[in-house]
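Take a look at these structures.
There are two complexes below, and they share chain A, which is joined by chain B in the first and by chain C in the second.
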Partner chain A sequence: MIAPLAEALDRMTRVGGVWGALLVAADDGLVIAEAVMEGIKPAAIAALAASLARQSGIASEAAGAGTPRFLHLQGAAGTLAVMSAGDGLLLVAVGSDEMNVGLARLEMLRAIEAAE
Partner chain B sequence: MMIDELTSLVDEYLRSPRSLAFVDLAERLRTEGRLEAAVRVALTGLEHYPTLSAAYDVYARILLDIGDLDRAETIWRELLERDRRHVGALTGLGGLYARKGDYDSALDHLERALSVDPADPAVVQALMRVRRAAEDAEGDATSAQASEQTLFRGLDGAGRGMLLADRHGQMLGGRLETPAGDEVSEPAAAHVASVAREATRTADMLGLGPWLWLTIEAAAANLHLSAPDDQSLLLVVRDRSMPAGRLARLAERAAETARGWLGEQIL
Partner chain C sequence: MRRSRVIEAWTYEPLERFVRESGARLTLVMTPAGQVLAQFGFARAVDVMAAAALGAAVFASSSEIARLLGNLEFSTLHHRGHRFGIFLGGCAVPRGRLLALVIYGEDSSVGLVQLFFDELVRGLQEAAPEQERSRPVLAADFERELNDSLASLFGR
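For the complex of A and B:
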């Protein structure tokens, strides 16, 4: 099970502009599995992505939109994508401002299938 | 001259501390803003005259100035139970309700005070002041309602899925409803401010540069959060049938509209 997940995360990093891919525990923001480029700090990404997902979940519920499934934070110099992977897990991709979010999202869905 | 008047009141009070001079002195100290001294004088006097309505009236005014609205209201209500035509209590409650924003009750009490004493200049002035405040408040409410209806006019879903808030989570305009039609503008505004702070922190710490926007694809709807300027936040919500790209385009147009509207508010 771990090997397919590692392969799936690795495939995510091959998407244009992606610097790293992680599987993260949603409640405490700890890294469960990761594939990141050198110089990328997975612990910080995991913690911040989990926190953003939590806060977004509260706002989404308040707006009557229900539980978030996918977040896309666009910065001037980079991109963060977070997908709910079920069972209290989040799949996270971080990359440049030119990251292909559509492809990254497809690979995230495949990674979730691999994790199941 | 004012100091001379205060000095003479103090002299009179000190000459006969058990006289009724404490009522005028407490009121004088209140109008001078010396509220602690006013409280001491009023309470000391009330020990000697525990049923004196004028003293309770002054004490309630002092409490109002201190900001203890509940106790002031209790005292004036008790005075009205004893004498329903007590002008001081009616005027005091009028001012108190106006301060709470309950202009209907405020005007009701002041008009009753005026019917008891039509020549009392304090009552007339208070009534005019509260009428003006009530008109202003009504104008503000109309203006807020107008901004809710006109801010995003012409844009798809303007009356139910676009919300402009400040960075502290206060509503600026627009309106947000759940898919069931319940209005959730204010709670949503409060929470998007927290999300924006989290987005700023995340983008900063991960080296993503200033955050531009955040989309949230949720179970019942998709949300798009952006910052039209450095003081405001824009939330656009649509059902899941609208693709993320179209939602982003719509949000861009709404942001342009919001910037124009914000510029007009400043001017």
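For the complex of A and C:
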């Protein structure tokens, strides 16, 4: 699993504007695998992305929309995309405000297939 | 709203920030000997004393295991339960070595606690005064200081 997953994360980082890709334990907020550019703090992103996913999940369930599958957070200086990868895992992509989110999402789906 | 209670004032700001950002339910900042400098969330003195003693003992045991394994020490220790997790981290500040015992619930995670623990350490390192010269411990002083500490921690 590790080699195809590492390749998949690496492919995600080749998408325009993506600074890093991580597989994260949703409950713990810990990094399982990562491919990030220098200067990106994977532990911080993993912890905060897992927290965001948890809070969004509560809001989504309360709104009757069920468990979120994909979260896209667009900030003034960056973008965060979080996808549920099943089995308590999250796939996270972090990048610039010009990150190609559509392509990143496609690569995230491929990465999840590689992880299965 | 619950607030932190501190014996040493310089621990207040870093601890308040830590509990606000990490979502910790309970936190103790103490020396490796179990002497509490600050606490958040505990309602009873007996709970603080028990948690401090047990936390210090757990850290001492794990440090000894680390030594046997050839490590200098473990910097953090984490136990995850069904509804709560326990995080125990050590750090060095100008005041000496400190431990933080953190209990968190389902609304937080070990990743989040670890992330903000690193900030807590930086905050404590910046705020800590230099180590005081050690004084001889007298039985009368010990009891009075213990009572003063408990009064500070529980506002009595």
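Quick note on the criterion: the second predicted complex is superposed on the first by the 116 of 116 C-alpha atoms of A that agree within 3 Å, B and C clash if a C-alpha of one lies under 4 Å from a C-alpha of the other, contacts with A are read in each partner's own complex, and residues count from 1 in each chain.
The working rule: a residue touches a chain if its C-beta (ideal position, glycine included) is under 8 Å from a C-beta of that chain, and two chains touch if they have at least 3 such contacts.
Keep in mind it's a predicted model, so treat the numbers as computed, not measured.
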| item | value |
| --- | --- |
| Fit-or-clash call for chain B and chain C when the two complexes are aligned on chain A | fit |
| First (chain B), second (chain C), both or neither touched by A:97 | first |
| Which superposed partner A:70 touches (first chain B, second chain C, both, neither) | first |
| Which of chain B and chain C A:78 touches, first, second, both or neither | first |
| Chain B or chain C, by number of chain A residues touched | B |
| First, second, both or neither for A:27, with chain B first and chain C second | second |
| Partner chain(s) touched by A:60 [first = chain B, second = chain C, both, neither] | first |
| Partner chain(s) touched by A:46 [first = chain B, second = chain C, both, neither] | second |
| After superposition on chain A, the shortest CA separation from chain B to chain C (Å) | 9 |
| Set of chain A residues, in rising order, touched by both chain B and chain C | 44, 48, 51 |
| Contact footprint of chain B on chain A as seen in their complex | 44-45, 48-49, 51-52, 55-56, 58-60, 62-80, 94, 97 |
| Chain A to chain C touching residues, read off their complex | 24-25, 27-31, 43-44, 46-48, 50-51, 54 |
| In the complex with chain A, residue positions of chain B that touch it | 176-180, 182, 184, 187-188, 190-192, 194-195, 198-199, 201-203, 205-223, 225, 235, 237, 244 |
| Chain A contact footprint on chain C (complex, rising order) | 80, 107-112, 114-115 |
